[in-house]
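Next come two complexes, and both contain chain A; in the first it sits with chain B, in the second with chain C.
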Partner chain A sequence: MKTKRTGTILCLVGNILNIIGFIIFILYFKTLGSGISVNTEMIVDGLIIVIDSAIMIALSILFLKGKINKDLMKLYSISMLLLSITLFAVLCILFLSSVLCCYMIYIVFPIISLVGSIMILAGKEKNEVKETKKDN
Partner chain B sequence: MLKRIKRIWIVSLIIIIAISFGLSIYLYNTPDENEKILINWANERMKDITYKNTFKIQEAEINKEKGYCIISYHYDDEQGENQSCREVWKMEDNEIKTNLGDLGGTKVMDLPIGYLNYTSDKLKEIATEIENDSKTVSLDSNRLTRLLEK
Partner chain C sequence: MRLKKLKKIINDNDFENARLIIYLILFITFIYLAYFNQFTCSGCALCGMTRAVKSLLVLNFKSAFEFNNNVWIFCFIIPFIVIDIVIIIKRRCLKNEK
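Take a look at the complex of A and B:
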């Protein structure tokens, strides 16, 4: 359960940083004039990233508050992993498409989230292993 | 109740992931309105260029309201020499139509009647005005190059 909790905290931190990072990122391009204009792709992908991150934050808070039913734990773990992968993939597509490589540092936050979600899934597996050992 | 929650959860998850991936890939592959204008221009421009694969757009700024477009591009000519241009183009009906001249060069353009007042100084004046206008949209050259190659 500890690994699961640590993973959830990592996901929470990663996604909060993700949202803050993306808002700063868009504001930087839009107002300070970095030589790249904000195009439709950046705005829509940004919205996707913010919405996915918000869902993951909501799920993490629900888990930390103990509001997720034990029967829904597996679904929770899989959802976090799938959403993390989606977030990472969308960001990779965005960077491949238009944004300069020097802003690749921004990809660190989804990686934190991805590591967190893997820990959530791993935590589940460890618990299951412990339970089977006890049964034996 | 739990089964219902599970079902709603799974369906929502699938929808969110499908929309995220779908939109992202669609936007990656589809040019927007301004990019379409520039791609049409580039396809026309490339007809006169021997080595089409050397044609690269470096910078493009479009101001639809004022009807001007500033494009920086380079290509290899028939002798294999690299030609670099930064030109001002006049737009008509959402299309880039008339080349008004090169901002860096001294080449005198063979302009049609009605465009004769576009002297070198006038072009530089227009370019500065366009660059500083808030309604000017500068296009992403990475995206343009990728979309052009398709």
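Take a look at the complex of A and C:
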């Protein structure tokens, strides 16, 4: 359970930083004006990133407040992993295809959330830990 | 009350672990960025900051400030991270001794 909590905190921090980074990115582009062309692909990717991050933040806050049932824990961990993989994939595509170097720094946050979601999936629940102790 | 709550969250064991993992990931990424990555683009508007951070990581302060003046933010963030790591490790060592 403790690993799950650490993983959830990692996901939460990674996604909050992701959204902050995205807002700074947008503001920077708006203030710079016509120098850089923002095409539809970038806007759609940005929307996916923000929605993904928002869902992950909401889910991790629900977990930290203890509002996710034990029956739904598996669904929670799998959905977190899928969401973070999607986020990572979108940013990897942007990182590899785009000319913008800022994605080099920006790609750190999805990596943090991916590590966190792997920790959530790998973390054992309280009951499992007790059973393994009994077996020993 | 709020300060106490904030202190409790900061001193939380899971939060400390999470912070250490984040710093480790940042460290690995910055090492990659500083020493194993080369810029291939002609230079966009945001390149200034990325290139400045890269120069800062190689401890080339002059060119860092030439690329972007706002790089001083990172000059504050990096020592803050180092201090936080030292505090966490010190606390862990004291716990083990007890």
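Worth a mention:
By definition in this document, the second predicted complex is superposed on the first by the 119 of 136 C-alpha atoms of A that agree within 3 Å, B and C clash if a C-alpha of one lies under 4 Å from a C-alpha of the other, contacts with A are read in each partner's own complex, and residues count from 1 in each chain.
What we mean here is this: a contact is a pair of C-beta atoms (placed from the backbone, for glycine too) under 8 Å apart; a residue touches a chain by one contact, two chains touch by 3 or more.
All values derive from a computational prediction rather than experimental measurement.
Following the overlay on chain A, a side-by-side fit with no clash is recorded for the pair chain B and chain C.
In the superposed model, A:R5 makes contact with chain C only, not with chain B.
By the touch criterion defined above, A:L94 reaches chain B but does not reach chain C. Look at A:I48: by the touch rule set out above, it reaches chain B but stays clear of chain C. Shared-chain residue A:I111: touches chain C; no touch with chain B. In the superposed model, the vertex angle chain B-chain A-chain C (Cα centres) comes to 90 degrees (nearest 10). In the superposed model, A:N69 lies in contact with chain B only, and not with chain C. For the three-chain overlay built from the shared chain A, the minimum Cα spacing from chain B to chain C equals 9 Å. With the contact threshold set out at the top, residues 35-36 of chain A are in contact with chain B in one structure and with chain C in the other. Those residues of chain B that touch chain A in the complex are listed here as 2, 5-6, 9-10, 13, 16-17, 19-21, 23-25, 27-28, 32, 137-140, 142-143, 146.
Across the complex, chain C is touched by residues 2, 5-6, 9-10, 13-14, 25, 28, 32, 35-36, 99-102, 104-105, 107-108, 111-112, 115-116 of chain A. Residue ranges of chain A in contact with chain B, taken from their complex: 35-37, 39-41, 44-45, 48, 51-52, 55, 69, 71-72, 75, 79, 82-83, 86, 89-90, 93-94, 96-98.
Remark: chain C residues 13-15, 17-18, 21-22, 25-26, 29, 33, 37, 39, 41-42, 44-47, 49-51, 53 touch chain A in the complex.
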